[in-house]
Amino acid sequence: MTKEQIMLKLKNINKSFQDLTVLKNLDLEINQGEICCLLGPSGSGKTTLFRIAAGLEKADSGEITKNSDPRFAYVFQSPRLLPWKNAEENLIFVQKNYGLESEKSLRDLLFRLAKLENFKTAYPDELSGGMQQRLELIRAFAVKPDLVFLDEPFKSLDMKTRMNLRKLITVIQAETGITLFLITHDPEEALLLADRIYIMAAEKQGIIKEIKIEKAREKRKISDPELYQHLENIMDIFSDLVSDLEDAGDEIKRLF
Amino acid sequence: MKNSIIKPFWILLFFIFLIWERSAAGLNSLILPSIGESYQALKEIALSGILLESFIITLRRTLIAYGLAVILGIITALLLYRFKFLQRTFRPLITVIQATPPVVWVSLAVVWFGVADDLTPIFLIFIVSLPVIFVNIFQGLEDMNVELVEMAQAYSTPRYRILKEIYLPSLLPALVSALSIAFAFAWKSSVFAEFIASSSGIGYQLSRANSMMATDRLFAWTIVLILFMLFVEYYLLEKLKKHVSRWKND
Amino acid sequence: ALEVNVQAPTVPGALPFLWMQEKIELPAALEIKLNLSSDHQRGMSLLAQNDIDLLITGSNVGANAYNRGINLKMMNVNTWGIDYLLTNGFKTESWADLRGKNLALPLQGGPLDFLARYLAQKNGLDPEKDLNLIYRALPGGAQLFMAGELEAIILPEPLVTISLANREEAVLSMDLQEEWAKLNGDNRIPFVALFVNGEFSSKYPQFTDIINAYYAKGVEWINNNPEAAAELAAEHFEIPAPIFKKSLNRVNLNIYSEMESRKLTELYFGEMLKIYPELLGGSLPDEEFYY
Amino acid sequence: MKNSIIKPFWILLFFIFLIWERSAAGLNSLILPSIGESYQALKEIALSGILLESFIITLRRTLIAYGLAVILGIITALLLYRFKFLQRTFRPLITVIQATPPVVWVSLAVVWFGVADDLTPIFLIFIVSLPVIFVNIFQGLEDMNVELVEMAQAYSTPRYRILKEIYLPSLLPALVSALSIAFAFAWKSSVFAEFIASSSGIGYQLSRANSMMATDRLFAWTIVLILFMLFVEYYLLEKLKKHVSRWKND
Amino acid sequence: MTKEQIMLKLKNINKSFQDLTVLKNLDLEINQGEICCLLGPSGSGKTTLFRIAAGLEKADSGEITKNSDPRFAYVFQSPRLLPWKNAEENLIFVQKNYGLESEKSLRDLLFRLAKLENFKTAYPDELSGGMQQRLELIRAFAVKPDLVFLDEPFKSLDMKTRMNLRKLITVIQAETGITLFLITHDPEEALLLADRIYIMAAEKQGIIKEIKIEKAREKRKISDPELYQHLENIMDIFSDLVSDLEDAGDEIKRLF
């Protein structure tokens, strides 16, 4: 697996919902073994792009090229667990589709990494929201995928869990070379994790900026000048709309 | 059963019995039999074997018709859910079926099924339970979480596994609730149908007791009906519900 | 005026009350309120609670209630003939012709069931073995017969006339009253009677007598004016007048002397007691039953 | 109505009518009257005024009993929801009430209400609808979002406003669904009660038509019953539902 | 209103749920006009502490002292809007309790600040999750409160909206001097906003660290050495449990 081999390539993708054009002439590529982050405000079409890339939705037009026949796994924005199966059965359910149901030690490892080893027989409704998210996450790795789509896998988790899980996927990625395609709202997270960052904006119906980061993941720190520069740039892009609050000061004072 | 019907109820029951006994004391047993008389009548029908015999006949009819209604109700619900065209066609028909009074069904059934003693009650139970099953299953299908199906597709799950592992368990709670509601209907309409159009079963015995003015027997049969219904609702179905509700709240 | 509440099923025996209500001027002190309902169980309960004063129902129903301690008296027997055997596409000359055939009856353990079993037995049949008895409540049974699903049925008027009119193959095979006569020497069977609440009759003996007399007059009027009676029935019973008029030909609506009525009733009850004691509540009613 | 019962249904109805007409052609009108005969009978009862009269009688009884059942059902549900002790006492009683066959209620009603022509049907409708209303409202209460109540308390909302602005609108959807389900029960049991134990109303007319085998009239009355039921279900209640479902999905 | 006047003071608070002790001998105070942040992993008892402080739940023991009779407002962790009332009616509903329902211009201002001016007549189920959160937020300010409890008000919002809302509450706070008590999972957010930060941990059943920040809010930057030091310290506290993943590398390689 050379790093430069392309895993997934989208060309000239267009997608509209009724009157709303979400993606317009979108191009994107991910190399094998990369971590690629998608960054953008709510409604900018991140999930839509994911669904098209993963084959869950049809684009109106465009071309999708894959490297041979990669195995996809998908971590949904909100956990989609079978409520009538316990944690381990939920993993077995997807493993069965690839004849992997006998790989108990893989499951055990994943449960351990996600700190869920005591909850293998718990049903989803017995798990906290955060635990469900972790289960959703490790399910993807239980099928030994080539490419994992992760739609905000760390959303609304506390800092500690978030750091743990970030670590978890980077360790797995480092050891196995699985390609990761990840949506996040947090620019720092993207800068710390990604080899490549795509920034999307609803106004432009697609990708407005691509950032490549060469620095080794383990050595990155947000205070590093290169990363910090990227962060400032990203913040600038996002803070376009913040300005007009200042002049409301007088009114606020008057009305309260 | 003890967990469901709890102590205070027994106290209430005691008071009901007390009121019953008091009212019965002032009235002819033909109008309102006392508890003792009802119990006596119950003992009589139990000992004569007619209780068991009629009970089995009614139960058999109910189970056949109810079983048919469950199967057809599920199939209809699946078909109508799947094909919107069928839905617009048959949905109002089901309302019409539901709106038709049982009396009319019975008189139609007499013509359609002739002398066969079983068919009229079976038909009535069937036609009364079918819409109940259908409506509940259909609701269950509409409330189903399609996201799980998409998840399964994202992981290349074959079609038959999606049906078995997602559709079926998704529908179980709706099914159990449909079974429970429909059973009450089925049981009561089997009695009604036998009352009017059969010559065996509990309903027929009720009608005989009624026409002989054996009010004590009427009460005895009623007690049998209620007890069985309570047994099914508070014991059998409760068990099934518990089994299913393991993950229902989610 | 004294309000007298009456319940009656939609049978010819109810017509005299309709006649009293609509065709004549009753004494001002008397007002008849007739409620048409064939639920005799309900009627009896109402009678027992003094909610109604008079009730028309089967003679055996009254005796049964009497024996169970309901305070009532049999004022008169008014319907003496009403039941017939209809067959489908063939005519029976004798009971033996019914062997192995379907015979529909309205209610197991009812008076018609008694009559059918009694006659069959006396004519050398074992009703359980030789007849295929089917119990079907009316009018469902009649409907079945008309649909050609039954070989034979015992029906009361006016269902006999209706069935004959609606099924060409239907044959009026036997007059059960005549069959009874062959055995007992009299074709009068006390089927339907008028009962009075015991409290009412002892509180208003003269009113009771007046009503009874008017009732007898009403019966006479019907027998003399079948045309007008049929019109009255058509209006209240939901049955076409011509059919009802025809049907009246086969109904023996009459009031006989008390002595005669009682003798015939005791005969009827006596035979009934042998086959279906529970129809009478277990025993013959005593002296006080008769008005 | 047009939005709900849509075109394909009319086609189906046409076929049903065709089958009906075909079968009726081969059969005596006493067994299955033709459409023409049924229509004729309908016209007759409409012109004679008996249709309107009986309809008003039945409707009046249904509305009184149904209204009572709704009010008492809501009160009972509130009380039983509030006081767990009452719940354990009366919940099984409600199941017993539901399990008792209507025939038995009617014969009890005779004892309690005597000859009064209205009371027996009213009682039966009431006793049949009450558990339906109760069960649905109770479910609604149990499903209620207590978080909103807490929010209101956090903003010092007075008690009466919480009742009016949170409890009441929370329960509306459950109430409407209870009303809809219970109406079907009420309407059918009023017909049943009148059939057995009254001397006026549509049910009584049905029983008269039935006992004299005026099958065309039986069908005419049935058509009236079904049409009214469809009118209530597909028009009145649908309107109410739409009004309520404005925010129901959330 | 001098800054040093105490708004709310909790002393020796204890709270358990059945066997689980959540808060043990907890002390805490907030001065008038302060922004105070509560930081801590999921399950450390932040919401529980809030509910007790706001009077929604009773502590098992302890003392709560308030400055005279302050008006509280509460922004719930997940929006609690009345679904049968539209956005504006939801504001009016709470305003009525304080006789403020006629303050239409205040409502209009809040809708404008939250960029919801076009959704005043929309019902909650017609709003996106983020819009609902913003409505939940401005409802608190519509009652002119003295102290607002904000339980993760920016959770799972995108970076742009997040920055907007942060700005919004700081502007309102600056102009009105309303005291803000805020729960967040994001240490940077706390460092940029708070005058005082309390850090909680489930293991200690309460507050493990208190940080006071004197620097003027407008001038703060995360790269500022003082703040950055705090950030590193907080990260250290949270990363206690992250370490043990490294040694799983071999197993991961073997099993995949």
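Going in written order, the chains are labelled A, B, C, D and E, and every chain counts its residues from 1.
Keep in mind that, in the parts below, contacts are C-beta pairs under 8 Å (C-beta built on N, C-alpha and C of every residue); 3 or more make two chains touch, one makes a residue touch a chain.
By chain, UniProt protein names: A, E = NitT/TauT family transport system ATP-binding protein; B, D = NitT/TauT family transport system permease protein.
Keep in mind it's a predicted model, so treat the numbers as computed, not measured.
Fewest steps needed to get from subunit C to subunit E, stepping only to touching chains, is 2.
Note: centroid distance subunit C to subunit D, computed from Cα atoms, is 37 Å. Averaging Cα coordinates per chain places subunit B and subunit E 53 Å apart.
Of all residues in subunit C, those that touch two or more other chains are 41, 45, 49, 143, 147. Residue positions of subunit B touching 2 or more other chains: 27, 31, 107, 111, 210.
Chain pairs that touch one another are A-B, A-E, B-C, B-D, C-D, D-E.
In the complex of the two chains, the subunit A residues touching subunit E come out as 39-43, 103, 105-106, 109, 112-113, 128, 130, 144, 152, 155-164, 167-168, 171-172, 174-176, 178, 185-188, 223, 228, 234-235, 238-239, 241-242, 245-246, 248-249, 251-253, 255-256. Subunit A contributes residues 54, 56, 72-74, 76, 80, 82-84, 93-94, 96-98, 123-125, 143 to its touches with subunit B in the complex. Residue ranges on subunit D touching subunit B, taken from their complex, read 4-9, 11-12, 16, 27, 31-32, 85, 88-93, 95-96, 98-104, 107-108, 110-111, 184, 187-188, 191-192, 195, 206-207, 210, 215, 218-219, 222, 225-226, 229-230, 233-234. Subunit B meets subunit C in the complex at residues 27-31, 106-107, 110-111, 114-115, 117, 196-197, 199, 204, 207-208, 210-214.
Interface of subunit C with subunit B (complex): residues 40-41, 44-45, 48-49, 61, 64-65, 68-70, 102, 104, 107-110, 134-137, 140, 143-144, 147, 149-150, 278-279.
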